[in-house]
C-alpha cells in the first residue's frame, strides 16, 4: 500500500537524520577534525566484515549540511555503511570545477580503493561515464541522471514531478483563497520538474486555481539555493498577492519561506527531506507537508545492493511506485485529507494520471 | 512626479503590487544590507581607501552574527558581526596603510579569504549543531519588529479608497511604518549619523581631509594613517552589521553564499551616490525596490517597461531640444522598443527579470546627468617621506 | 637680550646617499623677518620641514624661545607656536576654505560637533585684523593661487602661531600679489610675529628681510643683514660663482609661422577658464612669452595647443597645416614639444626607467618608432646621449625616474623634448623649482632652440625670465589676450599691471 | 649594470618564495590547531600534487586560469578593474558553442571560427562597459558588476530547449548542441593523460602579450597610461580611446577563458559548464604582477593548490584551508613585493645620490 510505504520511508528518513545528528554530536568536540566523522573513525573499523568495500559520496556544489538533498544522499549511504561496517568518504565540488576536475575526483576515489562511488548531481554524468570505463570493477551510482550506459553504473533518478503532484493536490485541497505559489531556487530543468508536477497536481484538484511561480536566480548564478532572504521576500510577495500556501524547491532559501509563512500565518510545503523535522523548531508548525525525494533510500539501496551483489546497472527510477518520492504527514496538518491524496497517488502509480515533467 | 508616474503605471499595467505596502517594506529589507555596505564603502573612500573587501566583510558578518546569534541572542549576534567586520576592516587597514598593499588587492584577498574562512569555521563550529552543517548555521533568532502604533489603522481606509496617488501614499506610509525591524531603524539612524559625523564633526572633517589630501592633513597634525585605520574599522563594522541584518532580519540562518554580491552592489551605490550618504541610500533603495518587485511578483516588471518607455520618451524630447542627434536617435529607439515590447508581449521573460535591478542601476547611472566628484586621495597610499 | 624665537643647533639629516643638512645652525630673533636663501638642493626645504616637525633630524636640537622642545610631528610644531605655508599648498580642493583652515584645530561643541559659527567668526576676524580677506564658504578648488596662499596664511594664524615659515611664497605670485604679500609679512612682524621665509628672489629678500641666512651644499655658510650686502654678493655666496642672467636676444626671427591660433575659443568645464577669441602667432625662431596671473587661461591655452581640449571655434595651425581636428599624437608627430610645469604629473613615468621615459612622447618618432614597434636599443642609446649631453647625473639609465632629483629630472625632460627636432615648443614654467645652475642651462637651451628655428611659446610667472628671453610678450587675462609688449621696453611692474588688468581700468 | 640586474631578478624571486613559505606555515599552524598532523598532511598533499596525472590536470587548469589572469592583467595595466571577466567569458563561450555547433567547416577553419566568435563576443560585451565609461564616466567597476548579472540573464534565457539549447533525454542538464569533431582542438598525450591543445595557444598568447607590452608602440602607450594617465595623454595617447581599446582587449582575452574547456573537453555549453573564473583571474593577475610570466607562475600555483587540495577530502581535512592559503599567498606576495620595491627604490636613490655628489665634487674640482 502506497501510504504505508510512505510512512515507512518517512520513518526511515527520520531515523537516518537522528543518526546524523548523533554522529555530528561527537564531532562537535573541537579537537577532532571536521568533515566526516565516519572517516576519522575509519581506522577503528578495519576489522569490518567486508573490507573490500569502501563507500564514497561525491557531492555537487552545495555539499553536505543543506538539511535536504545532499544530506539525504549522505544519510542513505551512511546508514548502509554503518549497517555493513564500511568506511565512508565524502568529497565536494566547487563552482569553477570542470568535468576534468570531477573525473579526477572520481578517479582519486577509485584509486584509493573506494567502491561503490556515489556521485550526487547531474553534472557528474560525463565524468562518471568516463571514469567508469577505466574502473570496470568499481560500481558507480549517479543521482539525478539516467544517461550513463555502462555495465558498472547505476543511474538513480527520481520522479520529482510525481511527488510534487501530490503536494500540489494537498495545496489545492487546503487552499482557502484558491491561490497557491511555487518558489524555485534556480531555474534549471530539475527544479522545473517540481514546478510542473505541482501545477499539474493543483490543477487536477481545482482547474481554476491560481498558481504563481518564481525562480530566485538564473543559472549559473546558483545563489537562489542559498539566499533565504530572497526566499522570504518572494514568499511574502506571494502571500500578499493572495496565496495562502507556497511550495519551495529552493534548497537553503526554503527556510525563508517557512519564516514568511510563520510571520504571516500561512502554510508552507517543504521539499526533499521531511522538513518538519529538519527545519528550525520555531517554524515547523507551518509546514503542512513536504515533498519527499528519498535520495537516502536510493543511496542506501544502491550501497547495500553493491555489497550483496544484487545491484543492476542502468537507470533505477525511484518514482512513487518504488517509494522514491512521496509526501510527508508529520505535524498532522493534513491528516484529514490523506485518503484523498493517496487516491491520487494510486492513480499515478496505475498510470491513470500521467504527470508532466516540464511546464511548457 | 515620479510617484505620479508610478501610480499611473500601476493602474495601466494592472500591477497593484508596484506601490503596495508589502513592496515598500520588502524594498526596505532588500535595501538595508546594501545601504550598510554602501555606508561602509563611503567611510572607507571618504578617507581615501577603496574597500573591495566589503563583500568578504559582510560574509564574516553573517557568519559571526549566526555564530553568536544562535548561541546567545540575535543582539549578541549583531554585536559579534560588527566586531568581526571591524576586525577585517582593521586588517584591510593593516594591509593597505601599514604594508602598502594595493587597496584593490587587499580587498580581493579578503573576499577570497572570507569565503574559505566561512566554510572552514562552519565545519568546526556549525557541523553537528542541530540544523547546522558545513554550509549553514543553526536557526538564529530574529530581531524584533516595531510599528508606529495606530498609524496603519488610520491610513488603511485611505489606502483602500484606491484613489490614485493618495492611496498609494498611504500604502507607502504604511509600508514604511509597519513591521519595521529595529535593525532597519538602526540603519536609518546610521545613515543620518554617518552624514552628521562626516560633515558636522571634527573627526569627520579630519577623516574627509585625509581622503582629499592626506599631506595637508598631516601638515596640520592629523595623522592620515591613523585616520584610515579608524575609517576602515568603521567601514568593516558597517559591512559586518549588513551581514548581521541578513541573518537576523532578512532570514534566520547563516547560509553559505547568502551575501550573494550585496557587498559589491553596496560599493556601486557609493559611486552612484556621488560619495554622499543620502544619495547613496537612494541608490540602494532604487536597487532594493527593483529587487523587491521582481522577487515578489515578476509580472510587476511589465510596469517597469512603461516607466522605461516614458523615461526614454522624456529623454528623447530633451535630446531633441539640445539638438543631440545621436542621443535623440538612441533614446527614441529605446522608448519605442520598450513601448512595443509592453504592447506586443506584455510580459518580461523571467530570465530577464533577474537582472532588472542591475540594468536599472546601470541605466540610471549612464543616463543621469552627473558630475562625479570622488575624494581626490582615493586609492593612493600615504607615506610621509614621499609627501615632501 | 631675550631668547631668540627659534634656534637650531647642529642639525644633521641624512637620506640614503645624500646628506641634506650638515651641522646646520640658525638663530631667528623674535619679531623679525628672516630669509633663508640658497640654491635648490642646498637643504633649505629639508631644514624648514625639520623645523615644522615633518622631518625628524638625525642630530641636533631645536629651541623655541630658549627651551629645547621635541619635534617629531607637525602637531609638536603647532603646539610650540610654529606654522608653515608650504610651497606646494597643502589644501584639500573639495573642502571649503573654512574646513581647510580649521582642520586639526576645530572649535567643537558637544560630542565633537564643529561650531561652524565660531569658526567663521574667528576667520573673518583674523582676516580683518591682518587685512587678509578670505571667503570662508568658498570651495578651495575655485580659488586663485593668491587666494589659496591667503588661506594658507590664515590657516597658520588661526592656530595662533608666533612663528611663520613660508617656503618660496612669492614664486607663484604676480608682482602685485607679491607686494601685497610682502606688505602682509611686514604687518605680521610689526605685530610681534616672527617670519622665516625661503626665497630665490634676492631683491625681495633684500627688501623685506631683517636678517638673512645663506645655505650652500647642506650647510649654513653665511649670516648677514640687507644693509650689509648687495644682491650680487648674496648670489655669489649662494652659488660661489657669478649669477647667470638671461642671454640677450641676438637671433633673427624668421618669416615663416611656426604656430598660429586663429580666433580660438573654448568652453571651460567646471573650474576651467574659457578662452575667448585667441589670436596668436609664433614665428620660427621666435620666443613668445605668455604673461598672466595663474588661472587666467594659460592651462587651457596649452591644452588647446596640445590637442587635449577641443576649441568650440577657431583654428590651430602648425605652419600652414590646420591641426584643429588633429589628435595630440598627430601634433606630436608634426613636431610639437612640451616642457610642462608639473613634471611629475605630465612629463614623467616615475615608476619607469629613464630610457623608458625617453620614449614618452616620442613613441611615434624615429629613431624610436619603427612602424608598430619600439626600438628599445635606439631608445637606450639616445638616453645615454641625453644623459651625457645634458649632464643628467645618474648612475645608469636603468634607474627609475623617481630616484632622480628635480633638477636632473628637468634636464632629462628638456633633453628629450629637444630630441625630436621640434617645430613648436611649449615651455610652461620651465625653471620653476629648478636651482640657479640648472636655470641658466635651461635658458641657454631655449635660446639654442630658438636659433635652430623652433617656434617657442613660453608660459611663465617669472617676469624676469619672460622679459629676459622672450622676443614678444603677450598678456593673458580671463581667457583673453589683452596686450602685447616689447620686452625691451617694459619693466616687471608694467607687466604686472597689465596682468591684473589694472592698466585697462 | 649586469650585476644589479641579477640582484633585481633575485629580489623579484624572493617575494613569491617568502609568500609561499609563509602561507604554508600558516596552513600548517591552522592544521595543527585543528588537531591534524600538519607534516604528514602537507606531505600527502605534495605527494599527490606531483603525480604525473596531477601535473597534467594542473596544466589544463592553469591554462584556463592563465587566460583569465591575462584578461585581468590587461585591464590592470591600464588601471582598469575588469570585474566583468566572468560575464564576458560565459557569454562568449556560450555563443561560441552555439555557433560552433551550427556550422560545419573543415577542422582548422572551424576552430578558428569558434575562437573568433568567442573573442568577439567577449570583446563586445566588455566594449559596452568601456563605452559608457568613456562617454558617460560610469566606473567600469559598477558597470561590469551589473553587466555580469545581465549576461547571466541572457544566457539563462537562450539556454533553454526550443531556443538555442536542447535537453538530453533522461538528464537534468540543458546543453547547446555538441560541436562536431571538426571543431575540436586536439590535445596531446602526456603520461597517459591529455593536455589541452589550447594550452599551447595560451602560451603563444602570453608571449604575444609580452611582445605587445614591451616591444610595440601600442604596448608602450598602454603601460604609460597605466603609470600616469595624464603624462601619457600629454605624450600623445588618446586616453579615452586607450581605455576603450584596453577594455575591448581585456574582454577579448576574457572571451577565451572558457575555450580550452569547450574545445578540449566539453564540446558543448551546458549547465555544468564551469563558472566563476573572473575573480580567480584578477587574483592571479595580481599574484603575477600583471606580467605575462608572473601570471603564468600565478596560474600554475593556483591550479596546483586547487588540484592537490583534492586529496584533503580523503584525509578528512577541510579543503577550505586551501582557499585561506590562496588568500594568504596573494596578500603576502604583495606585501613582499612592496618591501622589495621599497628596498629597490632606496638602493637606487643611494646610487643616484652618490653619483650626484660625485658630479658635484668633480664639478668643484674642474
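Going in written order, the chains are labelled A, B, C and D, and every chain counts its residues from 1.
Convention: a residue touches a chain if its C-beta (ideal position, glycine included) is under 8 Å from a C-beta of that chain, and two chains touch if they have at least 3 such contacts.
Every value quoted in this text rests on a predicted model; they were computed, and no experiment measured them.
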Show me the overlap between the contact partners of chain C and those of chain D. B
Chain centres computed over CA atoms; the one at greatest distance from chain C is chain A
Decide which interface, B-D or B-C, involves more C-beta pairs in contact, and give its chain pair. B-D
Inter-chain centre distance, chain B versus chain C - centres from mean C-alpha coordinates, in Å: 45
Centre to centre, by mean C-alpha position, how many angstrom separate chain B and chain D? 29
Taking each chain's mean CA coordinate, chain A and chain D are separated, in whole Å, by 37
Using the touch rule from the top of the page, what residues of chain A touch 2 or more other chains? 30, 34-35, 187, 218, 221
Going by the contact rule already set, what residues in chain B reach two or more other chains? 123-124, 134, 261, 351, 354
Interchain pairs in contact, sorted by label: A-B, A-D, B-C, B-D, C-D
With touch defined as at the start, can you tell me which chain D residues reach chain B in the complex? 34, 81, 83, 132, 136-139, 141-143, 145-147, 149-150, 152-154, 156-157, 160, 279, 282-283, 286, 318, 320-324, 326-328, 330-331, 334-335, 338, 342
Residues of chain A touching chain D in the complex: 30-36, 39-40, 89-92, 94-101, 104-105, 107-109, 112, 122-123, 125-126, 144-147, 155, 157, 187-190, 193, 218-221, 315, 360
Applying the document's contact rule, which stretches of chain A touch chain B when the two form their complex? 21, 23-28, 30, 34-35, 62-67, 71, 187, 212, 214-218, 221-223, 225-234, 236-238, 240-241, 252-253, 255-256, 259, 278-283
Would you pull the chain B residues touching chain A in the complex into a rising list? 17, 20, 22-23, 26, 29-30, 33, 122-124, 126-136, 138-139, 142, 246, 250-253, 255-258, 260-261, 292, 295-298, 350-351, 354
Contact residues on chain D for chain A in the complex? 34-36, 53, 57, 60-61, 64, 90, 149, 152-153, 155-156, 159, 162, 167-174, 261, 265-266, 271-277, 280, 306-307, 310-311, 313-314, 316-319
